[in-house]
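Residue numbering begins at 1 within each chain, and the chains themselves are lettered A, B, C and D in the order written.
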């Protein structure tokens, strides 16, 4: 491709993040086609026009179908709430567009399956926005694992915690309704599962426990309503490759803001990582003299690509939004048929299948096979 | 009591630790009876004599029954390997001695039960050496919980990891035999369970997964033998008070040396603690202005008793062996019928019952009630 | 201004950083004029054309004077090596352009003075690229200081360390020649001084010691040459407001990658900050109950503007390049005559005057007044 | 010596610390003579009797001269306030006793000199209580330096901070009077200087700045009095071996409780240490592959003697009081004429000479030679 015509639907947190990525990817990486910001869609024409101006898009519409129907658009960034993903993504794929869709794919596994089917039929790229797999630190961890830097993997632990739902004082809102899903399991678990997928492959079996810390919450108009979703979910799992581990998530974890802690125990060392300090890797190896062994705090630098495309000096730090630009670069490679570090609809369905199996295992109080 | 006559059986790691505690407790705390180091027992008369001289005991014997039978001995420190605890502790109690016994109580639950029965019959103090409950930091955490400093508790996570069994290169030894128990579950789980007990009470239900990282190990004389115990154990649990949590242990965790990490999530804050830095507490509370909220690293000082009995300046740090001296002071209070922060044979049996239930739940692959 | 026409000279580390900022500032902040990327200048027409395409500039030239002479250009980003700053900045100002120039201003104080004079004559904005003053963390520290959150300031310590010059093995290059300046003092000291300026104003008196760790270095063509610059500089200082402090810099500090550690001691608390973890602030205040006092690790979030313009969730982290975009937004405010958080040529000269006074104090081995 | 008869004068913080050390040294190390706790001296007979009982001394007197005159006493621990050290230490040495005296030696250099003279005349051991040189971490740092683990040393920074004098609200007391000395310089600087001495030898030249954060303080009986001592002292220095560095101390540093941070920069690595976490060493070496270089947090364990004498498992942590027991073991070696890791009156005078030179350099505002 010599140019890429971009359509964007949605301009919230992730919409802005996509827009920043499309604006920056050429400057950061250089070796990409010309990016043309063609058409932005929002819920109203007014908001679309305003965001279009801010984000630098040529056209703006209050109807997302106009974006998908625009012949100048080659790829559509879909950043609306999850429940709209299936309709929009399938329509875009059927219109012959590539799709870059935020995760999770859809509220139900059936819808996610239908999105995958549409992608298969279309032959177009259908990529999910799993940005945590893009950080130079995580990429380097994968390299270390490939190199057997910590030997054979014997065990794995992952935690993901934030505090946006913490405390009993927040009012009842849609995330407390069962219709929104299971709770923390939907909000968080797909992220660590994306990391597990890239490091070790798929999950085979799970057993999950869930906790509802606050029985009811105040309704905005007065009165209280019973909470139907679970803020805490703790899982034991076995991967298809035989590795066992734990995946613990909590969206009522006061003090945790963006924690995704990974502990990987190997036969000759350990790796620890925390997304709250995602420009650092903790590495312990037994090749050091015993009296000097200790976890090393490795600060990410130009030796950990693609950090070098951003900053030539080490230890200066990438930001969260930079991860989306790296994802954009990988996506462009995928469009071109090159090997790319992305999670597409094929693999995305499997991640969501695992989440549903976790919920099932809780309902049944029993170990459950994912597939 | 005006004086306490001390007998000590065993002079390994814990035996030395008891000896140091008995030597220091008067100097540190002042308000205790005169401690007389009466009689030390070891496997041989020679070793007993040597250690008796080093540790400052008046008499020394190669037969532990001589210690228990010594009329000048009021209390017996039992620090031998676990399998000897039942016989020694029961004999000491039946001889009318108080007992200070290292944990765990015994390899089997039946033996632990018989030790408890002996303690009940004797009317003597029968205290276990759960020293981690003695640190000023842990005591302060309990105070914070009592004061509702982080509100109601909504979830709990504990990890205990070391690397003394890590890597495939260590030879086969008795801890790899099934006769020694389950593995990490026995070695480690009683410690976090002692902390849980003191903070929140007993465990009601569990489900555990266990991992055997290395299928076999080299025999010292050549050849290899299959490993029968599990180095990793991961449990989901519910406490009797309704709190859910996770307890993860790993004795093959390269880089972890004495980690016992606790994460307590409450309705208005969080507490994090790690035994590897046991002179520090991490506290997050929501009473701070939002823009200044963050985990505080509290350095233990004179405001966190009984640190003040050791050092009048904060932040200078207690050591691991100091915890045993604090335990000794609590034990002396117990001998005197005063309230004391100890775990006795009554509560110790319940801790060990939980460990056995964890192993059962793994065998059955199902949630299991502890009692 | 309704639109801003941008010229860019230089496309190295900082040139790319400016280009990213100009590309992102509208999307991030929304409330800015239309940014038109008009003209890019590089050392050769070929390189200019290539970078112009990557960075999204409409025109590109191999002669920087073409950029300055372009009537569509309103402001010129100057990102070439220091020795070119005076000529370019003065020419741009004299051509009626605003100037955004990387720091330090110039190798000599006389040149920096002439740049300031040109800015005064022009009446145009002349802003320096001191990006570390832009981080949400640093802005919040200034707010805390203004609010007397740690009371009156009693002492100040700053360190800036990297390891790009560490070890004896690197070859001799231009930074080892006296013509390049003093050494670490030029490379680093302006950064902490920009922070000091924004927090507390100007430096009044200094005494500095400097160290040359490696007497000579290998010449690329063979042989060795004596090193003429100093990798380490340590200063005691008094500010004009009476506060005393220390400023320590080291460009041969193995393991330090982008460390700028600030320790501010106040009458009721302390603040500690490290640029290597610039999404965090360490705050200690005495309003907490004594037994819960401790340094809090505050993770930057939406409550610390302008983080909220990037990410609505706390703790996700900005990157180094984001600081330049914030600087760009401040610069745009300055162009519009609004209050802006920038360091202009007026204040920039004073920072560089301090650096020269430090070098003088070393030469004289005596306390030296800055002005 | 087959037995050591111990006298102890003073039972405050350090007196108790000596008593604990004398009580524990045999149990910990085994290979020492029998320690007999002979005679304890305090300000009153009552207090002496009480402490004697608590600490396990056979005799107790309200007159320190009785301790020194006791023929059963071989060595006298002197732990009274500094101003009493000269009279007591000289009397003890003249009575033919070995002396173990807390630091600093004396308020004036003349008195310290006379103590050294007395030690020389006596031929007895005269050891100072510099316990920070005893930690396994510090010993290991010295080993690493000896092994050239970080190559040649190019620069050194030390900070020592506490907050016991922080804030304006504490009342005026004797430490605010000029008669007590210079302030933080006396309270703190001897400690880092003891570490410098053991690592690198003596200080040759200094220049110091001092700060008095609070002009006056409330008198207990009403009114206010001008503070005469300095809470902050910052020094640049050159060692006799040519290494330059900085030594910064602050006793008004809110949040610092026992901080002694050392940063050692070498030609092939760096070492960082902080006494607040004195069971850890931070080590950065360039022998690691560049992409895995980082500061390692080494947890002290049995491979770092004499930790192994305390605990056979790594990472469990020694305490502050354990350092005094190690010091006691070294002292016993010194009594026996063996090589010992101690600072005696000879070296102690040189440390105090450096402190006085620092104060002189502040008075003169000029670089000052130590000797």
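By definition in this document, a residue touches a chain if its C-beta (ideal position, glycine included) is under 8 Å from a C-beta of that chain, and two chains touch if they have at least 3 such contacts.
Small disclaimer: the values here were computed from a predicted structure and weren't measured.
What's the fewest number of moves from chain B to chain C, given that each move must go to a chain touching the current one?
Contact-graph shortest path, chain B to chain C, evaluates to 1.
What's the chain with its C-alpha centre farthest out from chain A?
Max centre-to-centre separation from chain A belongs to D.
Give the chain pair, either A-D or A-B, that is connected by more C-beta contacts.
A-B
Measure off the straight-line distance from the CA centroid of chain A to the CA centroid of chain C, and report it in whole Å.
Averaging C-alpha atoms per chain gives centres 34 Å apart.
Just the number, please: Cα centre separation of chain A and chain B in whole Å.
41
Which integer distance in Å separates the CA centroid of chain A from that of chain D?
Here the centre of chain D sits 54 Å away from the centre of chain A.
For chain B, which residues are shared contacts with two or more other chains?
256, 293-295, 299
Okay, in this complex, where on chain C does chain A touch?
These residues of chain C touch chain A: 13, 16, 19-20, 23-24, 26-28, 30, 34, 50, 53-56, 162, 164, 256-259, 276-279, 299, 301, 310-322.
Show me the residue ranges of chain A that touch chain B in the complex, using the header's touch definition.
Against chain B, the touching part of chain A is residues 150-151, 154-155, 157, 159, 166-168, 207, 209, 211, 213-214, 231-232, 234, 236, 238, 244-246, 248, 250, 252-256, 263, 265-270, 272, 284-286, 293-295, 365-367.
Which of the residues in chain D end up touching chain A in this complex?
Where chain D meets chain A, its residues are 140, 144, 149, 281, 283, 285, 288, 290-299, 303-304.
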